[in-house]
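Two complexes, one shared chain (chain A), two partners (chain B, chain C).
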Partner chain A sequence: MQSVEVEICAGTACHLMGAQGLLDVTNTLKQTHGQRLQVKLTHCLGACAHGPNARINGTLYSRLTEEKLLALVNELLADNRGAR
Partner chain B sequence: MKLAAEVGIAKLSKHQEELCGDATCVVKTPGETTVVLSDGLGSGVKANILATLTTHIASGLLRRKVSIEHVMSTIADTLPICKTREIAYSTLAILQLRSDGQARLFEYDNPEAILFRDDKPFELQRQERVVNGQLVKQATFQTQNGDVILLVSDGVMHAGVGGLYDLGLGKEGLLEYFTQPCSSGEYCEQLADRVINLTDACYLSRPGDDCTAVVVKIRPPQQVTVLTGPALDPKDDSKMVRALLAEPGSFVAVCGGTTAQIVSRTTGRELETSTDYVDPRVPPIGKIDGIDLTTEGILTLNLCYQLLRAAAEGEELPRRADGATLLAKQLWNAEEVRFLVGRAQNAAHANLEQLVHLAPRTFVVDRIAKVLSKRNIDVEVTYY
Partner chain C sequence: MNTTLSEVTKIKRQLYTTIARLTWQDKLVEQIDDVPDEILDNNEISYRCCEHKERAILREKARLVLGLAADQVSRHASLQSMAQQALATSEFKRSCNVEMLSVACDRCPIDRYVVTDACRNCGAHYCKNACPKNAITIVNNRAYIDRNRCIECGRCANSCSYHAIVQITRPCEQACAVGAIRPDADGIAEIDCNKCVGCGACINACPFGSIGDYTHVIPAIEMLKQTDYPVYALIAPAFVGQFGPKVNSGAIVTGLKQIGFQKVIEVAQGAEAVAALEATEYVERKQDGAKVMTSSCCPAFVGLITKHYPDQLGAVSHTPSPMVQLATAIKAQQPEARLVFIGPCVAKKAEAATTPYLDAVLTFEEAACMLVGKGVNLASLAAQPEMADAGPLGRGFAKSGGVTEALVAYLPPGYPVPTVQQADGLQAAVAACDDLRAGRLDADFIEGMACAGGCIAGPGTLINPKVAERLLDRFCKEADAMKKATGN
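On to the complex of A and B.
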């Protein structure tokens, strides 16, 4: 089963730049994709100046918006790049 | 054995009244904690003013180390008497607890306080005396670790009068439902909430009077240790963690994402982050085995300071379980607090701190320490 793991940075800078919004939109996808999508908050990912950040399947993505994150996750779920 | 008192308060205003006509105040002086409960006659603004005035006079005098007998006589002398009902405009109960376990209770027209020992009510020997023409009940007793003392205003005792009960909930009714106060493991405020929820239910959610429950728990003094911020010299990071683990006290908090990672790395224990945004103003709490509370740093400390400052001005701490509130509760109820503060700054935070008017770590710790010191809590701050 191919799955996508999203770790959203919950550090100070990312929180102020909208980490909660990123978590909320990603969680909405969970209703459709269930176990294929794992979402969690994580400690500071060390890219505070470029937040909000998230690590998706081990790759760091910075300056995310809710739309960008949704697009990225949807894309990974749609093709085999999400395979782990 | 040294003892300390933890206090939890819950209130309920009379139906359709915004202000509660009962007032409470907790005064901590070195080696002593004093709890004052006053119930103003009637309800609403007038009762609130009378009760607040009474507690303020009492707490002001107690802070100036005026003897409790003198406080009672001053208030008994000062309180106006209602011409119609010929009773004083407010009632008063003062409970003073010393660190050696000695307790003194003064009650003036208030329902009798109940001492619970091993979950059972323990009979207090009261003496009656007349102070400035007013009858005051007085009890002196020795408390033990685990004792719980419950003070209530008459609104609790009369709950449900003429409705659910002919004569109100009363002491017997209260004892029937307020079970296991010593062994349940609940915080004082949870126990106080339990009494007030029962009262509200008896009134069918239309309270006929203002109601207050004050729960005092006797326990050993609590030492809280807070580790926050990475050290100025990264070589000192592990020194900070070692200092934390060498003398953890009774409660250990780690505040800061990077700080939590340092603790996790040094101890080899995993760091997990909750996804539950209890209060959107601060990131969710984390979890490290052996650490009682793991939170984000600068936002949490700033909100914690705001909560403590409000508490110092008489506001109650919220009932939420976000990191800032959980930390504030522990600090507020502690007898000793030790801060281990790393002074390294995250350059990316500097602009954000200015944008959202946040005090930098060392500033906010200093402010928290000042609020706690004013409450006579011993505070020690070590910088790294």
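On to the complex of A and C.
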């Protein structure tokens, strides 16, 4: 079973643009998905002018909102379930 | 609490960061006219009427960042000329620090009770019967409230079985516990500076972001750029955790030094001195027969008494606030140093205008935008040891109850513990002051905090106050452990 890895940038620019909210929704999602969802904080994803940023399974997403992040992660979790 | 940031807050922070960046780069005058368009291009702003209006609003918000009041600039001044003005002025500290941007005010409805489409023109007409002033009639199959008769008692709303009558209060007015916000003749909200205590609660309450405070960002950056004198950061006890989950106090010191501060000092140090002075003062006042003493550390609470209960000013402790206490002590040693307070507070900007010892005041939000504008990322700094300037009692000033705890700790051994009225939030403070004036307050000490929860819930903070409280408690414990380890 594949897992989804979400790395949320906690750099100062992303913190100012709402990284904490991204972390909170992802952690809430983790309560239902457990080990299949890995959540990490990272120092910088190199796109400070376009925060808040997160990397999901290696792909960088900028100007994220909580809804966008949830949609992306949920889609991946659903895909993986199908592949299983 | 919801940690989701509103678009209004995000745009404000982009504006602060962009203006800070241009100031650092000495390109403010040259490029500031392009800033509103840059921000419009970068955001999916849902326009209220058109792009032109949003641009006009951004221009006004940029003026606040520049620290200029509406009456200081001509109506059609370009941002470029305002930037020149801001860079040239040395008078940026102001006693009235919050401004309503009239161009941005959406003129929310001011009728307090409104009949909605849910009204079914029922047979009972409970609303009509409940109204003590006969203000309700049935017009076009619906209840109608005659504004000239309505006394806004709310009985109609409470009586309707369909909840068809709703109470609407303007968010800004609702947030203001001292009644300083009122609509003008055109329905645009206005702030009465004679009543405003500068707490800043309305700033975050307005869903349109129409209220803001003047910043000291430009003069602070200009101070940090030069080398003629040292600039010190005095960081308020509420700072713990404010700059993100991967940033400890040591990293904040390193980051602030990277943008030009020579020293970073915990204001908790001043708070500790304040607690000792205030305890002595309390004992003396009690000896002289005084009934009540209030704290004096929160400038908006002191403003409340000054502006709304001037007859009770005698009860306010004469001990200076921790900010002023620390600044005075530093300037006595080093008069050449420039001092910049960094905290959660909007009212501190007005307090700074009352003392020559403070050179600028920034919120955590503004300081973070200045760091980002200079390209400093606190999260990527190497691990740093925690700050160790202050003990747990001083650090505890940042949350409600902390001032009392420190005061009690500094009372002489065996001294009777005072009965304390916690005025937690401006509304509670108003109630406590009413009781004080009426002589029915059953307390020896009022701890006044304009923000409910204390400074950690201030308008210039960056994290959820509950999280901030947890982190602050831990930071206080560390100070305690350190104290025990070093044996003093």
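Methods note: the second predicted complex is superposed on the first by the 79 of 84 C-alpha atoms of A that agree within 3 Å, B and C clash if a C-alpha of one lies under 4 Å from a C-alpha of the other, contacts with A are read in each partner's own complex, and residues count from 1 in each chain.
Note that contacts are C-beta pairs under 8 Å (C-beta built on N, C-alpha and C of every residue); 3 or more make two chains touch, one makes a residue touch a chain.
Computed from a prediction, not measured in an experiment: that's the story for all the values here.
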item: First, second, both or neither for A:4, with chain B first and chain C second; value: neither
item: First, second, both or neither for A:76, with chain B first and chain C second; value: neither
item: Chain B versus chain C as contact partner of A:43, first or second or both or neither; value: both
item: Which superposed partner A:56 touches (first chain B, second chain C, both, neither); value: neither
item: Partner chain(s) touched by A:18 [first = chain B, second = chain C, both, neither]; value: second
item: Which superposed partner A:66 touches (first chain B, second chain C, both, neither); value: second
item: Contacts on chain A seen with chain B and repeated with chain C across the two complexes; value: 10-13, 15-16, 19-20, 23, 41, 43-44, 48
item: Of all residues in chain A, those that touch chain C in their complex; value: 9-13, 15-21, 23-24, 41, 43-44, 48, 66
item: Complex contacts: residues of chain A adjacent to chain B; value: 10-13, 15-16, 19-20, 23, 39-44, 48-49, 51
item: Footprint of chain A on chain C - complex, ascending; value: 3-5, 10, 13-14, 17, 243-247, 255, 365, 368-369, 371-372, 376-380, 462-464
item: Touch list for chain B against partner chain A, complex; value: 257-258, 260-261, 271, 273-275, 277, 280, 282-284, 286, 296-299, 346-349, 352, 356
